[in-house]
Amino acid sequence: MTYARQMLEAHPRRTATEAGALVECIEACFDCVQSCVACADACLGEGDVDMLIRCIRFCLDCGDVCVTTGRILSRQTEFDAGLARAVVQTCAQVCGACAEECERHADHHEHCRVCAEACRRCEAACEEVLSALAA
Amino acid sequence: MTYARQMLEAHPRRTATEAGALVECIEACFDCVQSCVACADACLGEGDVDMLIRCIRFCLDCGDVCVTTGRILSRQTEFDAGLARAVVQTCAQVCGACAEECERHADHHEHCRVCAEACRRCEAACEEVLSALAA
Amino acid sequence: MTYARQMLEAHPRRTATEAGALVECIEACFDCVQSCVACADACLGEGDVDMLIRCIRFCLDCGDVCVTTGRILSRQTEFDAGLARAVVQTCAQVCGACAEECERHADHHEHCRVCAEACRRCEAACEEVLSALAA
Amino acid sequence: MTYARQMLEAHPRRTATEAGALVECIEACFDCVQSCVACADACLGEGDVDMLIRCIRFCLDCGDVCVTTGRILSRQTEFDAGLARAVVQTCAQVCGACAEECERHADHHEHCRVCAEACRRCEAACEEVLSALAA
């Protein structure tokens, strides 16, 4: 249980996007930051870190993009659909790329399997917001 | 449901702190980032924004400190208890100050009431981690 | 004088992009974070804060996007041109929008004039990197 | 040349701290973010990455703490000396620890030498701000 829905409902201005898609995407972004930061760190602690360099790199980037996306989607005042679209589209792309890389190591490293799941969920939530913004 | 516990259990190295306190604190930190960013934004959208300047300022700072604390606690490789303590202590202090300010506006603005709750929960979770680190 | 060029030259792997454009963009991104955070804060301290809500909102978003872009461009290991392009393109767009808004208040508020300058410089530096990545 | 001094001089409220120390610290924080992110990445690209795990970990933490400190010090509206002190003190500690670790690898890796320099400069700038805040 996060506070994202309560915060959205308490906002003085009307939400530009369908609230359900927005709440899901905000939560997915912050969950994805955590997973990506933790996966990069877990990879660093593995004996075969040499095989995980690309995975660490993608997790670091994905964590950075997701925290920015989660923050921007949390703002409803003077909402600009064009900017939101650009940010969310980039986030979907980075999450997809990170998921693909983590999936390569999912059989050997449980943290990569979980992180890929978090990235795929965030990618899908971004696509939902993009559909809602286009409607 | 976040992935924080799964990520922690999948980590190749042993956790330095009691896992329950750590997971709760990581989740509370990321929830608090979201609440603080959203509260600062909601305050900006209010008609009486002039009365909420200090609240906005504290929410911006608290959001920044919580995202850093959440990221640092998500890392277990080469964990340094002294650094963790300094970061978590600062986070508890900033959350306490932000909660106090938000509580002043809780009767007039529901988003301040919810944000104060998120800050108090994060402050308490930080105190738990500090106790665990001292043990 | 920042350390960006020295860090790039000390990197064990060859840089994917022309170093000059990259260094300029990294420095412009971090300068823009600072200006945007400071401009949002200065706007909050103005007597006519009601007229500056959109400016504050855009500065907050722009600061978040620029810090992520500056971090991602600082990484050269397992560089992915497609991801870099998406991030830098979004950054250019957000900087352009923020500059446009700040320019509206540049005659009344010196901090908006300076911030618009920082945003335009970052927007141009992003365009240079995009050209270099396409080459 | 950054915009930090211009932004500070354009602020509608009086600066709580001596401007020179503040500007130097803000610039040192953002330079340190860049160096730490780039050093963690350069370490990842080295053949002896196994020897650099602790260095990567400390650089990641230090980069996160410095970006938060740089952002918070960039805000002057409703400045709270107690919070600033806690944040800057933590930043000095993290920079000192990161510098110490980077210095261990400075003879073999130029990026560690440069990053240690950036961390030491930021640590010293934080100490200056702490003195100014105590005055």
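Going in written order, the chains are labelled A, B, C and D, and every chain counts its residues from 1.
Heads up, the rule we're going with is that a residue touches a chain if its C-beta (ideal position, glycine included) is under 8 Å from a C-beta of that chain, and two chains touch if they have at least 3 such contacts.
Because the structure is a prediction, the values reported are computed rather than measured.
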C-D against A-C, pair bridged by the larger set of C-beta contacts: C-D
Remotest chain, subunit C as reference, centres from CA atoms: B
For subunit A paired with subunit C, centre-to-centre distance based on mean C-alpha positions, whole Å: 21
Where subunit B touches two or more other chains, by residue: 41, 44-45, 53, 57, 60, 67, 71, 75, 77-78
Residue ranges of subunit A touching subunit C (in the complex, touch as defined): 53-54, 57-58, 60-61, 64-65, 67-68, 71-72, 75, 77-78, 80, 82-83, 86-87, 89-90, 93-94, 97
Touching residues (chain side subunit A, partner subunit D) in the complex: 40-41, 44-45, 49-50, 53, 56-57, 60
Touching residues (chain side subunit A, partner subunit B) in the complex: 2-4, 6-13, 26, 30-31, 33-35, 37-39, 41-42, 44-47, 63, 67, 70-71, 74-78, 109-111, 113-115, 117-118
